[in-house]
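Letters A, B, C, D and E mark the chains in the order given here, with residues in each chain numbered from 1 onward.
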Amino acid sequence: MLIGKVVGTVVASRKEEKLEGVKLLVLKQVNVEGVVGAGYVVAVDAVGAGLDEYVLYASGSSARQTVVTDKRPVDAVVMAIIDQWEVGGEVKYRKVES
Amino acid sequence: MLIGKVVGTVVASRKEEKLEGVKLLVLKQVNVEGVVGAGYVVAVDAVGAGLDEYVLYASGSSARQTVVTDKRPVDAVVMAIIDQWEVGGEVKYRKVES
Amino acid sequence: MLIGKVVGTVVASRKEEKLEGVKLLVLKQVNVEGVVGAGYVVAVDAVGAGLDEYVLYASGSSARQTVVTDKRPVDAVVMAIIDQWEVGGEVKYRKVES
Amino acid sequence: MLIGKVVGTVVASRKEEKLEGVKLLVLKQVNVEGVVGAGYVVAVDAVGAGLDEYVLYASGSSARQTVVTDKRPVDAVVMAIIDQWEVGGEVKYRKVES
Amino acid sequence: MLIGKVVGTVVASRKEEKLEGVKLLVLKQVNVEGVVGAGYVVAVDAVGAGLDEYVLYASGSSARQTVVTDKRPVDAVVMAIIDQWEVGGEVKYRKVES
(Lines give C-alpha, C1' and ligand atoms only; values in the text may rest on other atoms or scores of the structure.)
Protein backbone atom coordinates (compact mmCIF):
# COMPACT_ATOMS: atom_id res chain seq x y z
CA MET A 1 0.00 0.00 0.00
CA LEU A 2 1.00 3.59 -0.38
CA ILE A 3 0.04 6.72 1.52
CA GLY A 4 -2.19 9.26 -0.18
CA LYS A 5 -3.81 12.56 0.72
CA VAL A 6 -7.40 13.07 -0.37
CA VAL A 7 -7.37 16.25 -2.45
CA GLY A 8 -10.48 16.04 -4.58
CA THR A 9 -13.19 14.11 -6.36
CA VAL A 10 -14.10 12.95 -9.85
CA VAL A 11 -17.65 13.10 -11.21
CA ALA A 12 -18.54 10.76 -14.07
CA SER A 13 -22.17 10.29 -15.05
CA ARG A 14 -21.44 8.00 -18.01
CA LYS A 15 -19.66 4.91 -16.77
CA GLU A 16 -19.61 1.14 -16.76
CA GLU A 17 -22.79 -0.08 -15.03
CA LYS A 18 -20.87 -1.79 -12.23
CA LEU A 19 -19.55 1.60 -11.13
CA GLU A 20 -22.94 2.98 -10.08
CA GLY A 21 -22.84 4.43 -6.58
CA VAL A 22 -19.09 4.32 -6.26
CA LYS A 23 -17.33 7.43 -4.90
CA LEU A 24 -14.16 8.42 -6.75
CA LEU A 25 -11.46 10.27 -4.83
CA VAL A 26 -8.40 12.04 -6.19
CA LEU A 27 -5.37 11.19 -4.04
CA LYS A 28 -1.99 12.83 -4.18
CA GLN A 29 0.89 10.54 -3.36
CA VAL A 30 2.67 11.20 -0.08
CA ASN A 31 6.23 10.13 0.67
CA VAL A 32 7.34 8.46 3.87
CA GLU A 33 8.29 11.82 5.42
CA GLY A 34 4.76 13.10 4.89
CA VAL A 35 5.55 15.34 1.93
CA VAL A 36 2.76 15.54 -0.66
CA GLY A 37 4.06 14.91 -4.19
CA ALA A 38 2.79 15.62 -7.69
CA GLY A 39 1.84 12.03 -8.48
CA TYR A 40 -1.82 11.08 -8.15
CA VAL A 41 -4.28 8.27 -8.44
CA VAL A 42 -8.06 8.13 -8.62
CA ALA A 43 -9.30 5.58 -6.08
CA VAL A 44 -12.65 4.27 -4.92
CA ASP A 45 -13.53 5.18 -1.36
CA ALA A 46 -14.29 2.11 0.79
CA VAL A 47 -14.07 3.77 4.22
CA GLY A 48 -15.76 7.17 4.05
CA ALA A 49 -12.61 9.25 3.72
CA GLY A 50 -12.92 13.03 3.65
CA LEU A 51 -11.01 15.86 2.03
CA ASP A 52 -7.49 16.42 3.39
CA GLU A 53 -7.33 13.08 5.19
CA TYR A 54 -4.28 10.86 4.85
CA VAL A 55 -5.19 7.38 3.75
CA LEU A 56 -3.78 4.05 2.64
CA TYR A 57 -4.70 2.80 -0.80
CA ALA A 58 -4.21 -0.59 -2.40
CA SER A 59 -3.71 -1.11 -6.13
CA GLY A 60 -4.32 -3.84 -8.67
CA SER A 61 -6.53 -6.85 -8.07
CA SER A 62 -6.28 -6.22 -4.32
CA ALA A 63 -8.36 -3.11 -4.89
CA ARG A 64 -11.33 -5.38 -5.61
CA GLN A 65 -11.22 -7.15 -2.23
CA THR A 66 -13.59 -4.78 -0.42
CA VAL A 67 -17.38 -4.96 -0.20
CA VAL A 68 -17.63 -1.74 -2.20
CA THR A 69 -15.32 -2.79 -5.03
CA ASP A 70 -15.96 -6.52 -5.41
CA LYS A 71 -15.89 -7.55 -9.11
CA ARG A 72 -15.82 -3.95 -10.27
CA PRO A 73 -13.43 -2.54 -12.87
CA VAL A 74 -11.39 -0.48 -10.42
CA ASP A 75 -7.67 -0.73 -9.74
CA ALA A 76 -7.25 1.44 -6.65
CA VAL A 77 -9.14 1.61 -3.37
CA VAL A 78 -8.87 3.62 -0.17
CA MET A 79 -9.02 0.90 2.50
CA ALA A 80 -7.88 2.75 5.63
CA ILE A 81 -7.77 6.25 7.11
CA ILE A 82 -4.45 6.83 8.81
CA ASP A 83 -4.35 7.97 12.44
CA GLN A 84 -0.59 8.04 12.63
CA TRP A 85 2.57 6.72 11.09
CA GLU A 86 6.09 6.80 12.36
CA VAL A 87 9.52 6.15 10.93
CA GLY A 88 12.57 5.47 13.05
CA GLY A 89 10.63 6.24 16.24
CA GLU A 90 9.60 9.66 14.95
CA VAL A 91 5.97 10.49 14.29
CA LYS A 92 5.69 11.70 10.70
CA TYR A 93 1.96 12.33 10.77
CA ARG A 94 -0.76 12.35 13.40
CA LYS A 95 -4.38 12.98 12.60
CA VAL A 96 -5.90 15.99 14.33
CA GLU A 97 -9.40 15.20 15.50
CA SER A 98 -11.85 17.90 14.57
CA MET B 1 -7.42 4.65 -11.99
CA LEU B 2 -5.74 7.35 -13.96
CA ILE B 3 -7.08 10.15 -16.12
CA GLY B 4 -6.58 9.92 -19.87
CA LYS B 5 -7.55 11.97 -22.91
CA VAL B 6 -8.79 10.07 -25.94
CA VAL B 7 -6.47 11.10 -28.78
CA GLY B 8 -6.80 8.33 -31.34
CA THR B 9 -7.53 4.77 -32.33
CA VAL B 10 -5.68 1.58 -33.23
CA VAL B 11 -6.79 -0.71 -36.07
CA ALA B 12 -5.67 -4.33 -35.96
CA SER B 13 -7.25 -6.88 -38.27
CA ARG B 14 -5.07 -9.80 -37.19
CA LYS B 15 -5.60 -10.40 -33.49
CA GLU B 16 -6.42 -12.97 -30.84
CA GLU B 17 -9.92 -14.28 -31.52
CA LYS B 18 -11.28 -12.99 -28.19
CA LEU B 19 -10.55 -9.44 -29.34
CA GLU B 20 -13.11 -9.44 -32.14
CA GLY B 21 -15.40 -6.44 -31.98
CA VAL B 22 -13.37 -4.60 -29.36
CA LYS B 23 -12.66 -0.89 -29.93
CA LEU B 24 -9.10 0.19 -29.16
CA LEU B 25 -8.48 3.77 -28.07
CA VAL B 26 -5.19 5.62 -27.74
CA LEU B 27 -5.17 7.61 -24.50
CA LYS B 28 -2.63 10.21 -23.48
CA GLN B 29 -2.01 10.40 -19.77
CA VAL B 30 -3.26 13.52 -18.02
CA ASN B 31 -1.90 14.83 -14.74
CA VAL B 32 -4.02 16.00 -11.85
CA GLU B 33 -3.88 19.61 -13.05
CA GLY B 34 -5.34 18.59 -16.40
CA VAL B 35 -2.12 18.82 -18.38
CA VAL B 36 -1.81 16.23 -21.15
CA GLY B 37 1.53 14.39 -21.01
CA ALA B 38 3.58 12.32 -23.43
CA GLY B 39 2.79 8.96 -21.82
CA TYR B 40 0.10 6.85 -23.44
CA VAL B 41 -1.80 3.62 -23.18
CA VAL B 42 -4.00 1.70 -25.60
CA ALA B 43 -7.25 0.83 -23.82
CA VAL B 44 -10.47 -0.95 -24.72
CA ASP B 45 -13.52 1.28 -24.79
CA ALA B 46 -16.29 0.04 -22.46
CA VAL B 47 -18.39 3.22 -22.38
CA GLY B 48 -18.55 4.70 -25.89
CA ALA B 49 -15.92 7.38 -25.37
CA GLY B 50 -15.21 9.81 -28.20
CA LEU B 51 -12.18 11.70 -29.44
CA ASP B 52 -10.94 14.47 -27.11
CA GLU B 53 -12.96 13.25 -24.13
CA TYR B 54 -11.33 12.93 -20.72
CA VAL B 55 -11.83 9.49 -19.26
CA LEU B 56 -10.85 7.21 -16.41
CA TYR B 57 -9.07 3.99 -17.23
CA ALA B 58 -8.30 0.97 -15.08
CA SER B 59 -5.29 -1.27 -15.58
CA GLY B 60 -4.32 -4.87 -14.93
CA SER B 61 -6.80 -7.61 -14.07
CA SER B 62 -9.36 -4.93 -13.15
CA ALA B 63 -9.52 -4.06 -16.83
CA ARG B 64 -11.28 -7.39 -17.41
CA GLN B 65 -14.17 -6.64 -15.05
CA THR B 66 -16.47 -5.07 -17.63
CA VAL B 67 -19.00 -6.78 -19.89
CA VAL B 68 -16.92 -5.83 -22.93
CA THR B 69 -13.58 -7.08 -21.60
CA ASP B 70 -14.52 -10.16 -19.56
CA LYS B 71 -11.89 -12.93 -19.98
CA ARG B 72 -10.17 -11.08 -22.79
CA PRO B 73 -6.41 -10.49 -23.06
CA VAL B 74 -6.57 -6.76 -22.37
CA ASP B 75 -4.88 -4.86 -19.57
CA ALA B 76 -6.49 -1.42 -19.82
CA VAL B 77 -10.10 -0.32 -20.11
CA VAL B 78 -11.91 3.00 -20.29
CA MET B 79 -14.63 2.58 -17.67
CA ALA B 80 -15.90 6.13 -17.21
CA ILE B 81 -16.18 9.42 -19.07
CA ILE B 82 -15.32 12.31 -16.79
CA ASP B 83 -17.78 15.19 -16.33
CA GLN B 84 -15.60 17.06 -13.89
CA TRP B 85 -12.80 16.71 -11.43
CA GLU B 86 -11.58 19.09 -8.79
CA VAL B 87 -8.56 19.38 -6.58
CA GLY B 88 -8.45 21.52 -3.45
CA GLY B 89 -11.88 22.95 -4.23
CA GLU B 90 -10.77 24.12 -7.67
CA VAL B 91 -12.32 22.66 -10.81
CA LYS B 92 -9.49 21.32 -12.98
CA TYR B 93 -11.69 20.10 -15.81
CA ARG B 94 -15.34 20.38 -16.75
CA LYS B 95 -16.79 18.69 -19.77
CA VAL B 96 -18.37 21.06 -22.27
CA GLU B 97 -21.58 19.62 -23.66
CA SER B 98 -21.75 19.83 -27.41
CA MET C 1 -1.82 -2.30 -23.85
CA LEU C 2 1.30 -0.79 -25.25
CA ILE C 3 2.75 -0.70 -28.75
CA GLY C 4 5.85 -2.76 -29.46
CA LYS C 5 8.02 -3.50 -32.47
CA VAL C 6 9.15 -7.08 -32.93
CA VAL C 7 12.95 -6.93 -33.05
CA GLY C 8 14.10 -10.43 -32.16
CA THR C 9 13.60 -13.77 -30.48
CA VAL C 10 14.70 -15.64 -27.38
CA VAL C 11 15.69 -19.32 -27.43
CA ALA C 12 15.47 -21.24 -24.17
CA SER C 13 15.72 -25.02 -24.17
CA ARG C 14 15.58 -25.42 -20.40
CA LYS C 15 12.32 -23.99 -19.14
CA GLU C 16 9.24 -24.63 -17.04
CA GLU C 17 7.33 -27.51 -18.63
CA LYS C 18 4.25 -25.35 -19.32
CA LEU C 19 6.34 -23.24 -21.67
CA GLU C 20 6.91 -25.97 -24.24
CA GLY C 21 6.04 -24.86 -27.75
CA VAL C 22 5.69 -21.20 -26.86
CA LYS C 23 7.39 -18.64 -29.14
CA LEU C 24 9.22 -15.84 -27.33
CA LEU C 25 9.56 -12.48 -29.05
CA VAL C 26 11.72 -9.53 -28.10
CA LEU C 27 9.73 -6.31 -28.42
CA LYS C 28 11.07 -2.80 -28.24
CA GLN C 29 8.67 -0.28 -26.79
CA VAL C 30 7.27 2.29 -29.20
CA ASN C 31 5.90 5.67 -28.18
CA VAL C 32 2.67 7.13 -29.44
CA GLU C 33 4.47 9.00 -32.23
CA GLY C 34 5.90 5.74 -33.55
CA VAL C 35 9.44 6.24 -32.24
CA VAL C 36 11.14 3.03 -31.13
CA GLY C 37 12.67 3.37 -27.65
CA ALA C 38 15.30 1.50 -25.65
CA GLY C 39 12.84 -0.25 -23.33
CA TYR C 40 11.96 -3.83 -24.13
CA VAL C 41 9.88 -6.78 -23.06
CA VAL C 42 9.95 -10.48 -23.93
CA ALA C 43 6.42 -11.56 -24.87
CA VAL C 44 4.74 -14.75 -26.01
CA ASP C 45 3.43 -14.64 -29.56
CA ALA C 46 -0.30 -15.44 -29.76
CA VAL C 47 -0.94 -14.15 -33.29
CA GLY C 48 1.95 -15.19 -35.54
CA ALA C 49 3.76 -11.85 -35.52
CA GLY C 50 6.88 -11.46 -37.63
CA LEU C 51 10.10 -9.49 -37.38
CA ASP C 52 9.70 -5.70 -37.73
CA GLU C 53 5.93 -5.78 -37.26
CA TYR C 54 4.26 -3.33 -34.90
CA VAL C 55 2.09 -5.10 -32.36
CA LEU C 56 0.01 -4.61 -29.25
CA TYR C 57 1.00 -6.48 -26.14
CA ALA C 58 -0.83 -7.00 -22.86
CA SER C 59 0.91 -7.45 -19.52
CA GLY C 60 0.19 -9.12 -16.20
CA SER C 61 -2.57 -11.64 -15.63
CA SER C 62 -4.25 -10.45 -18.85
CA ALA C 63 -1.34 -12.00 -20.73
CA ARG C 64 -2.72 -15.43 -19.77
CA GLN C 65 -6.13 -14.89 -21.40
CA THR C 66 -5.21 -16.30 -24.80
CA VAL C 67 -5.41 -19.90 -25.99
CA VAL C 68 -1.62 -20.03 -26.26
CA THR C 69 -0.87 -18.63 -22.81
CA ASP C 70 -3.68 -20.01 -20.63
CA LYS C 71 -2.37 -20.96 -17.15
CA ARG C 72 1.24 -20.49 -18.20
CA PRO C 73 3.87 -18.53 -16.26
CA VAL C 74 4.07 -15.65 -18.72
CA ASP C 75 3.38 -11.98 -18.04
CA ALA C 76 3.35 -10.48 -21.55
CA VAL C 77 1.61 -11.54 -24.75
CA VAL C 78 1.38 -10.18 -28.27
CA MET C 79 -2.36 -10.23 -28.90
CA ALA C 80 -2.71 -8.10 -32.05
CA ILE C 81 -0.73 -7.02 -35.10
CA ILE C 82 -1.30 -3.35 -35.79
CA ASP C 83 -2.51 -2.22 -39.22
CA GLN C 84 -2.61 1.42 -38.34
CA TRP C 85 -2.87 3.86 -35.49
CA GLU C 86 -3.59 7.55 -35.51
CA VAL C 87 -3.36 10.38 -33.05
CA GLY C 88 -5.20 13.67 -33.45
CA GLY C 89 -6.39 12.65 -36.92
CA GLU C 90 -2.84 12.02 -38.11
CA VAL C 91 -1.71 8.53 -39.10
CA LYS C 92 1.37 7.67 -37.03
CA TYR C 93 1.90 4.22 -38.51
CA ARG C 94 0.44 2.22 -41.36
CA LYS C 95 1.50 -1.31 -42.13
CA VAL C 96 2.96 -1.80 -45.57
CA GLU C 97 1.72 -5.04 -47.09
CA SER C 98 4.52 -7.13 -48.52
CA MET D 1 10.22 -9.82 -4.47
CA LEU D 2 12.20 -6.87 -3.30
CA ILE D 3 14.26 -6.25 -0.21
CA GLY D 4 12.94 -3.82 2.40
CA LYS D 5 14.05 -2.55 5.77
CA VAL D 6 11.39 -2.24 8.45
CA VAL D 7 11.50 1.40 9.56
CA GLY D 8 8.13 2.05 11.14
CA THR D 9 4.44 1.34 11.53
CA VAL D 10 1.10 2.75 10.46
CA VAL D 11 -1.89 3.00 12.80
CA ALA D 12 -5.34 3.18 11.25
CA SER D 13 -8.41 2.72 13.42
CA ARG D 14 -10.94 3.37 10.64
CA LYS D 15 -10.42 0.77 7.94
CA GLU D 16 -12.11 -1.82 5.76
CA GLU D 17 -13.50 -4.54 8.03
CA LYS D 18 -11.28 -7.24 6.49
CA LEU D 19 -8.23 -5.37 7.76
CA GLU D 20 -8.98 -5.90 11.46
CA GLY D 21 -6.00 -7.31 13.32
CA VAL D 22 -3.54 -6.77 10.50
CA LYS D 23 -0.17 -5.19 11.37
CA LEU D 24 1.01 -2.52 8.93
CA LEU D 25 4.74 -1.97 8.53
CA VAL D 26 6.54 0.86 6.77
CA LEU D 27 9.38 -0.53 4.67
CA LYS D 28 12.09 1.44 2.98
CA GLN D 29 13.36 -0.07 -0.25
CA VAL D 30 16.87 -1.47 -0.18
CA ASN D 31 19.03 -1.94 -3.25
CA VAL D 32 21.03 -5.05 -4.02
CA GLU D 33 24.13 -3.60 -2.34
CA GLY D 34 22.23 -3.14 0.90
CA VAL D 35 21.81 0.63 0.63
CA VAL D 36 18.52 1.93 2.02
CA GLY D 37 16.74 4.23 -0.44
CA ALA D 38 14.02 6.85 -0.20
CA GLY D 39 11.29 4.70 -1.75
CA TYR D 40 8.85 3.02 0.60
CA VAL D 41 5.88 0.73 0.78
CA VAL D 42 3.39 -0.07 3.53
CA ALA D 43 3.13 -3.86 3.84
CA VAL D 44 1.22 -6.30 6.01
CA ASP D 45 3.41 -8.33 8.35
CA ALA D 46 2.94 -12.11 7.85
CA VAL D 47 6.05 -13.27 9.72
CA GLY D 48 6.47 -11.21 12.88
CA ALA D 49 9.12 -8.85 11.56
CA GLY D 50 10.61 -6.27 13.89
CA LEU D 51 11.99 -2.75 13.54
CA ASP D 52 15.28 -2.53 11.61
CA GLU D 53 15.02 -6.05 10.18
CA TYR D 54 15.67 -6.67 6.49
CA VAL D 55 12.81 -8.49 4.86
CA LEU D 56 11.44 -9.72 1.56
CA TYR D 57 8.09 -8.40 0.45
CA ALA D 58 5.80 -9.52 -2.35
CA SER D 59 3.46 -7.19 -4.21
CA GLY D 60 0.20 -7.43 -6.10
CA SER D 61 -2.14 -10.41 -5.94
CA SER D 62 0.73 -12.51 -4.57
CA ALA D 63 0.51 -10.45 -1.40
CA ARG D 64 -2.81 -12.17 -0.67
CA GLN D 65 -1.35 -15.70 -0.68
CA THR D 66 -0.55 -15.84 3.04
CA VAL D 67 -2.79 -16.97 5.89
CA VAL D 68 -2.79 -13.42 7.27
CA THR D 69 -3.67 -11.68 4.02
CA ASP D 70 -6.00 -14.13 2.26
CA LYS D 71 -8.83 -12.26 0.46
CA ARG D 72 -7.90 -8.96 2.06
CA PRO D 73 -7.51 -5.65 0.22
CA VAL D 74 -3.74 -5.48 0.61
CA ASP D 75 -1.14 -5.31 -2.15
CA ALA D 76 2.12 -5.85 -0.24
CA VAL D 77 3.16 -8.43 2.33
CA VAL D 78 6.32 -9.19 4.28
CA MET D 79 6.72 -12.92 3.70
CA ALA D 80 10.28 -13.57 4.90
CA ILE D 81 12.89 -12.16 7.25
CA ILE D 82 16.31 -12.20 5.59
CA ASP D 83 19.23 -13.91 7.31
CA GLN D 84 21.69 -13.15 4.57
CA TRP D 85 22.01 -12.30 0.93
CA GLU D 86 25.02 -12.33 -1.29
CA VAL D 87 25.89 -11.03 -4.74
CA GLY D 88 28.82 -12.29 -6.76
CA GLY D 89 30.05 -14.38 -3.85
CA GLU D 90 30.15 -11.37 -1.53
CA VAL D 91 27.89 -11.15 1.49
CA LYS D 92 25.93 -7.90 1.25
CA TYR D 93 23.98 -8.36 4.47
CA ARG D 94 24.05 -10.75 7.38
CA LYS D 95 21.60 -10.57 10.24
CA VAL D 96 23.18 -10.03 13.64
CA GLU D 97 21.43 -12.15 16.24
CA SER D 98 20.57 -10.20 19.32
CA MET E 1 9.07 -11.25 -19.19
CA LEU E 2 12.38 -9.58 -18.66
CA ILE E 3 15.94 -10.83 -18.90
CA GLY E 4 17.92 -11.23 -15.70
CA LYS E 5 21.37 -12.45 -14.74
CA VAL E 6 21.62 -14.67 -11.68
CA VAL E 7 24.06 -12.92 -9.36
CA GLY E 8 23.32 -14.32 -5.92
CA THR E 9 21.00 -15.89 -3.40
CA VAL E 10 18.90 -14.91 -0.40
CA VAL E 11 18.71 -17.03 2.76
CA ALA E 12 15.68 -16.61 5.00
CA SER E 13 15.00 -19.10 7.76
CA ARG E 14 11.96 -17.29 9.16
CA LYS E 15 9.33 -17.10 6.45
CA GLU E 16 5.71 -17.74 5.58
CA GLU E 17 5.10 -21.50 5.81
CA LYS E 18 4.24 -21.81 2.11
CA LEU E 19 7.77 -20.72 1.25
CA GLU E 20 9.46 -23.79 2.69
CA GLY E 21 11.85 -25.40 0.23
CA VAL E 22 11.78 -22.54 -2.24
CA LYS E 23 15.10 -21.29 -3.64
CA LEU E 24 15.46 -17.51 -3.79
CA LEU E 25 17.73 -16.02 -6.45
CA VAL E 26 18.98 -12.47 -6.78
CA LEU E 27 18.71 -11.34 -10.40
CA LYS E 28 20.17 -8.21 -11.90
CA GLN E 29 18.17 -6.74 -14.73
CA VAL E 30 19.71 -6.97 -18.17
CA ASN E 31 18.84 -4.69 -21.07
CA VAL E 32 18.14 -5.86 -24.59
CA GLU E 33 21.79 -5.33 -25.60
CA GLY E 34 22.93 -7.69 -22.84
CA VAL E 35 24.21 -4.99 -20.48
CA VAL E 36 23.70 -5.80 -16.80
CA GLY E 37 22.06 -2.90 -14.93
CA ALA E 38 21.73 -1.86 -11.30
CA GLY E 39 18.09 -2.88 -10.94
CA TYR E 40 17.36 -6.20 -9.28
CA VAL E 41 14.63 -8.57 -8.26
CA VAL E 42 14.52 -11.57 -5.94
CA ALA E 43 12.84 -14.45 -7.78
CA VAL E 44 11.98 -18.05 -7.03
CA ASP E 45 13.90 -20.58 -9.09
CA ALA E 46 11.60 -22.93 -11.02
CA VAL E 47 14.17 -24.33 -13.45
CA GLY E 48 17.42 -25.00 -11.58
CA ALA E 49 19.24 -21.88 -12.70
CA GLY E 50 22.84 -21.37 -11.61
CA LEU E 51 25.05 -18.41 -10.82
CA ASP E 52 25.90 -16.19 -13.81
CA GLU E 53 23.23 -17.69 -16.05
CA TYR E 54 20.95 -15.43 -18.07
CA VAL E 55 17.31 -16.19 -17.45
CA LEU E 56 13.79 -15.05 -18.14
CA TYR E 57 11.62 -14.12 -15.21
CA ALA E 58 7.89 -13.47 -15.00
CA SER E 59 6.32 -11.10 -12.50
CA GLY E 60 2.98 -10.69 -10.74
CA SER E 61 0.31 -13.37 -10.61
CA SER E 62 1.98 -15.13 -13.53
CA ALA E 63 4.85 -15.94 -11.19
CA ARG E 64 2.51 -18.37 -9.41
CA GLN E 65 1.80 -20.47 -12.52
CA THR E 66 4.63 -22.97 -12.02
CA VAL E 67 4.60 -26.20 -10.03
CA VAL E 68 7.11 -24.71 -7.59
CA THR E 69 5.25 -21.45 -6.98
CA ASP E 70 1.57 -22.45 -7.15
CA LYS E 71 -0.48 -20.54 -4.53
CA ARG E 72 2.62 -19.18 -2.85
CA PRO E 73 3.19 -15.54 -1.88
CA VAL E 74 5.83 -14.85 -4.52
CA ASP E 75 5.70 -12.26 -7.28
CA ALA E 76 8.68 -13.23 -9.44
CA VAL E 77 9.81 -16.55 -10.88
CA VAL E 78 12.65 -17.71 -13.09
CA MET E 79 10.83 -19.80 -15.69
CA ALA E 80 13.49 -20.28 -18.39
CA ILE E 81 17.24 -20.35 -18.83
CA ILE E 82 18.24 -18.48 -21.95
CA ASP E 83 20.37 -20.20 -24.60
CA GLN E 84 20.44 -17.22 -26.91
CA TRP E 85 18.65 -14.05 -27.85
CA GLU E 86 19.04 -11.87 -30.87
CA VAL E 87 17.92 -8.41 -31.89
CA GLY E 88 17.84 -7.22 -35.48
CA GLY E 89 19.52 -10.42 -36.66
CA GLU E 90 22.45 -9.90 -34.30
CA VAL E 91 23.13 -12.35 -31.47
CA LYS E 92 23.25 -10.37 -28.22
CA TYR E 93 23.94 -13.34 -25.98
CA ARG E 94 24.78 -16.99 -26.44
CA LYS E 95 25.22 -19.37 -23.57
CA VAL E 96 28.64 -21.00 -23.37
CA GLU E 97 28.31 -24.64 -22.43
CA SER E 98 30.66 -25.64 -19.63
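Couple of notes before you dig in:
In the analysis below, a contact is a pair of C-beta atoms (placed from the backbone, for glycine too) under 8 Å apart; a residue touches a chain by one contact, two chains touch by 3 or more.
These numbers come from a predicted model, not from an experiment.
Each chain gets a centre from the mean of its Cα atoms; for chain B and chain C, those two points are 21 Å apart. Rounded to whole angstrom units, the spacing between the C-alpha centres of chain B and chain D is 33. Each of residues 60-61, 63-64 in chain A touches at least two other chains. Contacts between chains close into a ring here, every chain touching precisely two others. The touching chains form a single ring; listed from chain D in the chain E direction they are D, E, C, B, A.
Chain D meets chain E in the complex at residues 1-3, 31-32, 46-48, 56, 58-67, 69, 77, 79-89, 92. Those residues of chain B that touch chain C in the complex are listed here as 7-19, 24, 26, 28, 38, 40-43, 60-61, 63-64, 71-76.
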